[in-house]
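Should a chain be cited, it is by its letter among A, B, C and D, assigned in written order, with residues numbered from 1 in that chain.
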Amino acid sequence: MKQFKVGILGATGAVGQKFINLLQGHPWFTIAALGASERSAGKTYAEAANWIEAVELPEDVAAMTVTDCSPASMKGVDFVFSGLDASVATELEGDLARAGIPVISNAKNYRTHKHVPLLVPEVNADHTAMINAQDFDPSGKGFIVTNPNCVAVPLVMALKPLMDAYGIEAIAVTSLQSVSGAGYPGVPSLDIMGNVIPFIGGEEPKIASEPMKLLGSLSDDHTVTEAKFPIDATATRVPTIEGHLLTVKAKFTKRPGSADEIKQVLRSWKHPLTGLNLPSSPKNALKVYDDERFPQPRKNAYNENGMQVGVGRVRMLEFFDAGFVALGHNTCRGAAGVAILNAELLVHQGFIK
Amino acid sequence: MKQFKVGILGATGAVGQKFINLLQGHPWFTIAALGASERSAGKTYAEAANWIEAVELPEDVAAMTVTDCSPASMKGVDFVFSGLDASVATELEGDLARAGIPVISNAKNYRTHKHVPLLVPEVNADHTAMINAQDFDPSGKGFIVTNPNCVAVPLVMALKPLMDAYGIEAIAVTSLQSVSGAGYPGVPSLDIMGNVIPFIGGEEPKIASEPMKLLGSLSDDHTVTEAKFPIDATATRVPTIEGHLLTVKAKFTKRPGSADEIKQVLRSWKHPLTGLNLPSSPKNALKVYDDERFPQPRKNAYNENGMQVGVGRVRMLEFFDAGFVALGHNTCRGAAGVAILNAELLVHQGFIK
Amino acid sequence: MKQFKVGILGATGAVGQKFINLLQGHPWFTIAALGASERSAGKTYAEAANWIEAVELPEDVAAMTVTDCSPASMKGVDFVFSGLDASVATELEGDLARAGIPVISNAKNYRTHKHVPLLVPEVNADHTAMINAQDFDPSGKGFIVTNPNCVAVPLVMALKPLMDAYGIEAIAVTSLQSVSGAGYPGVPSLDIMGNVIPFIGGEEPKIASEPMKLLGSLSDDHTVTEAKFPIDATATRVPTIEGHLLTVKAKFTKRPGSADEIKQVLRSWKHPLTGLNLPSSPKNALKVYDDERFPQPRKNAYNENGMQVGVGRVRMLEFFDAGFVALGHNTCRGAAGVAILNAELLVHQGFIK
Amino acid sequence: MKQFKVGILGATGAVGQKFINLLQGHPWFTIAALGASERSAGKTYAEAANWIEAVELPEDVAAMTVTDCSPASMKGVDFVFSGLDASVATELEGDLARAGIPVISNAKNYRTHKHVPLLVPEVNADHTAMINAQDFDPSGKGFIVTNPNCVAVPLVMALKPLMDAYGIEAIAVTSLQSVSGAGYPGVPSLDIMGNVIPFIGGEEPKIASEPMKLLGSLSDDHTVTEAKFPIDATATRVPTIEGHLLTVKAKFTKRPGSADEIKQVLRSWKHPLTGLNLPSSPKNALKVYDDERFPQPRKNAYNENGMQVGVGRVRMLEFFDAGFVALGHNTCRGAAGVAILNAELLVHQGFIK
């Protein structure tokens, strides 16, 4: 297997640190460049970053010199992961793509771009064909692929098999999101300890819109015809560290026969990664719990290196057809982890070579 | 004003302790008897109870002798508050009512009884007329009045003015409930710290059914014709101490014109306690927040001695008509506090004299 | 009783907000001016401040216009409370004192000044005589009085009666400090939830040195001869909201006879405020707990409006003579509350008139 | 390498679950028997246990049938790990040893027994010679070895190299202990969330006494001459999940030259496991942090599978000679993990074969 050299943009930030953490020991990808702001460039990573991950900073990464995020600084890498802040991502990611470097981004800037895939491999692996219509780099080498918001990821993973089986008319969702979703320093402890904040700026519109693109269907012209159903969302912040829990209620085109039938649909989901053995692909992408006390963020979000989505409390409802809860690790499955899985898919499909 | 002697049943438990706490300095009611299990009877309250309230145990209460909960032990009181466990409440509360002692109960046992009011004074003060049909005590002196589940209280307080203005077709609700709702010792810290438990046994059916009785209309025969709309509920436990937060989505018979219009309806609510100046009645029973970060359990649940319900994030939705969050202090407004308010209403109405 | 108009410097910060909160309903002091940075000046307080207190912002304060902290802006007040940041306190507080305005400060800048009292009224009320030697304002009207660090306050309150009874040779102390001690936004939730940080910058030297001045004795020349004994301190941050808990071990000149004897010494403490009935003076400044599970930050820090210090776990030791834990509310007793008590003492003594 | 069949006593309890968790994939030891109370015997482990570990219950363990803890039920195993409750450990562990089965116990019952080693391999590996004087089983096959209290483990690991270098005169220690130390259900969330409890029953005497045996020296007659210095301890419970943090102050026979010198002593510690490559032996048993914000329970307790002890904040003091903080994972390094390491040492030394 070819070894790929990867750069990380926004390497000192919370998402960048998670990329570094998750790439330790990766069989295909080796960290070759760490890009951050001008202020950090020239320092060692240990000097530049306030390491907040709960594992030790790897010594070799600690000793690497941080650069800026320009094409010149990234020219030795095969592709980059981007954990850039939205305020700079449009320009910096675009520059890299135009310079022929594939950009696998967690930033929101290009998610709604007509030719940029918004990708969760198990859900819409075929959407990578959109890359063919991108014009960042006429040679076709440079392109941009994005992953969705950290709530959208577990939501669409649970909804995709149900949509295929029953059709979706409407969704109501309340998210109970952990503090790591706000980055660092993020949420002040005085605001959230022993408390709930019933609002997260900008979150609910993303929860409503991104699934439409993710669950949409690819057309021959490399564009996506979006799904069309309402998602009424309430996003709250709760005092958990990692793992976003969603309470979901769904109205289907065809009412399922029973909760057991729904569980069976979820458990027998055949998705595009089945059998591919990508390094970051969990053995079981969607675990269904029978014990109604689960899934729980602190106990289950880390399952399969934080890449498994948990579904529990599947039950029939009265106004809606059915309800369930879904859990996804927000910084792994919902951010850096899904981006790495996206890159693995792109290698598998030949877009990155 | 006449002074009333009150007994507290289940006085050593979590709800009993809250009764004791809230009755300190009450202008009408004086604690005259503390009833608990046989095991505690004969001890001083300080010996019998593991005091868990965050204020000091009052010295005069500490020195009182605990009795059992029999009519004989309670015979000197004008009425009792019951914080009894469901396993014993049916018999003990019934015995007291039959012995001519009014029982104002937080237990669930008689909530669904055809002639027992399930009462939140601001919502259905007229339901106390059901007492007239009770046959516990032929003399009419002994009777039972109950308050609903701690989630149902803030829910119906927010829904009542909206039902009157728009009619309700369907409700979806997710509750984020604090650990004090589970009593003491209640939820193990290992289960809930930094975590969410997506299930609370027996809670969702109560959230769905109790509002139907509360929002029902009184008939001439002293029974209630229940409201009829589905409430699809998900009850979760979060690491907060006191205060249950609900995310609510509502489908109305008539779509409101705007979020501002809904806020205006909530703010101008005229309820049956308006102007009565009952001691535990908050000046503002329903506070509407414009700042979308509020209400929050730790910062707002204690407003007006924990008797005010907060409503925030009022907004129009797509599938539902509107959404909002509601906050109520679960052990005050949702348990001991509403029971005390119920007793005050019954004094005002002449049922307790 | 004369009513005093007070100004608050740093009114929008965490300490300033606590001053506003604690002064609500104060029988002697009325808020007449709110000083903050240039950035806030001219705005209403509601606009300028991100209110973080757990009670509602009083409406009259919300509507007040914020000014800067200059003598000109404060000229209508009788004295000021200062919650200024250390970076600006030296100049701004000095300017006000020179302009004839008494400054009661929580900032650290003048705590070590030779003629500025570092004051905890129960401990060293006589130190206010140091004011007579101050030369900020030749007319004698303007002066500065400071209160100590939030750990030093409960520490000296517990040590003062013990020092008088036994003499102190050495102290070892570990503080478990709440997040409110770091102001706002203060400690990121990602750093402290479910965690302990075993270091607080600059804290240990203050814990070691400030008690020496507080427990020192006033000389005829209005200076203080400091106490002289080592305090080996470890300051840690723990996930509590309000209330600093100290574990203290003491070596005395004379070994106490027993833990009961020590408790008796603490309980029978006669301090200078005894009998004065100052508005913010707790009835019992030092509560001694027999139940070894107490005092606890969440349950006991708020006793007597956060002005009571709790002492528990008094016991004899082997290497040290005795050990105990002490609890003080860091933002009340350890900051804004003690400053208000200082002002009350100064009114009583005639320094403020 | 020979494969050993192991039994776990108290397998459904918190320590038993940690044994199961840590033994997954162990290269030498395979779980062959799960012993619990009569009530659990006969059920599958999945039925009998309320699994609380944050990883999934292994499927093969879930399907095993639980037995009682009698010699008959354990007769097929090479040795047992005991996580038994103290109320039953004396009898059950003694019976097994008498029946010829080595017992590696985390229970406290035999820790003070004259011929039973209290063992932390890095500190006193030679104490296993005490086994030779045991008379549980005349054949010498059955014996008992214990590990100390979860606070004593990191304490003696930090103190051992310092004692060897400087001699110890006296120690003051305050422990900040996590809730997992109290087992399950353990500490009620209402008691500990946002709070500190300044007392843990029975803990301080163990912290004072167990290090004396651990740091004592083996005599020719297979008994231990205990170390002799006072440890004045305060044990507190804080809202952390796993990891006990200790603040330690030490008076030495010979004052160290500097904090750097102390760090050097700790970093260059040569202990008896150095070079043995036991499966559970951490590469670095004692990590010394230069960054004064570390070690922290949530971020560092899990280092090297929870088997590394962290030391930080090393500094010279005034009354004491030096201070530091030490962190150990209480249920791994301080309980099940050290017991497994003890068993590995006993295999290496030939006591288990």
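The rule we apply is simple: a contact is a pair of C-beta atoms (placed from the backbone, for glycine too) under 8 Å apart; a residue touches a chain by one contact, two chains touch by 3 or more.
Predicted, not measured: the structure shown is a model, and the values here were computed from it.
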{"item": "Chain D against chain B, contact positions shared by both copies (same if over half, else different)", "value": "same"}
{"item": "Selected pair, greater C-beta contact count between B-C and A-C", "value": "A-C"}
{"item": "Computed distance of Cα centres, chain C from chain B, in Å", "value": "40"}
{"item": "Chain centre separation (chain A, chain C; CA means) in Å", "value": "48"}
{"item": "Interface hub residues of chain C, defined as touching at least two other chains", "value": "193-194, 239, 241, 298-299"}
{"item": "Chain D residues touching chain A - in the complex, by the definition given at the top", "value": "54-56, 193-194, 241, 298-299, 302-303"}
{"item": "Interfacial residue positions of chain B with respect to chain A in the complex", "value": "170-172, 174, 176, 193-199, 208, 230-232, 234, 236, 238-241, 245, 247, 249, 251, 292-299, 312-313, 317-320, 323, 325"}
{"item": "Touching residues on chain A, where the partner in the complex is chain C", "value": "52, 179-180, 184-194, 239, 241"}
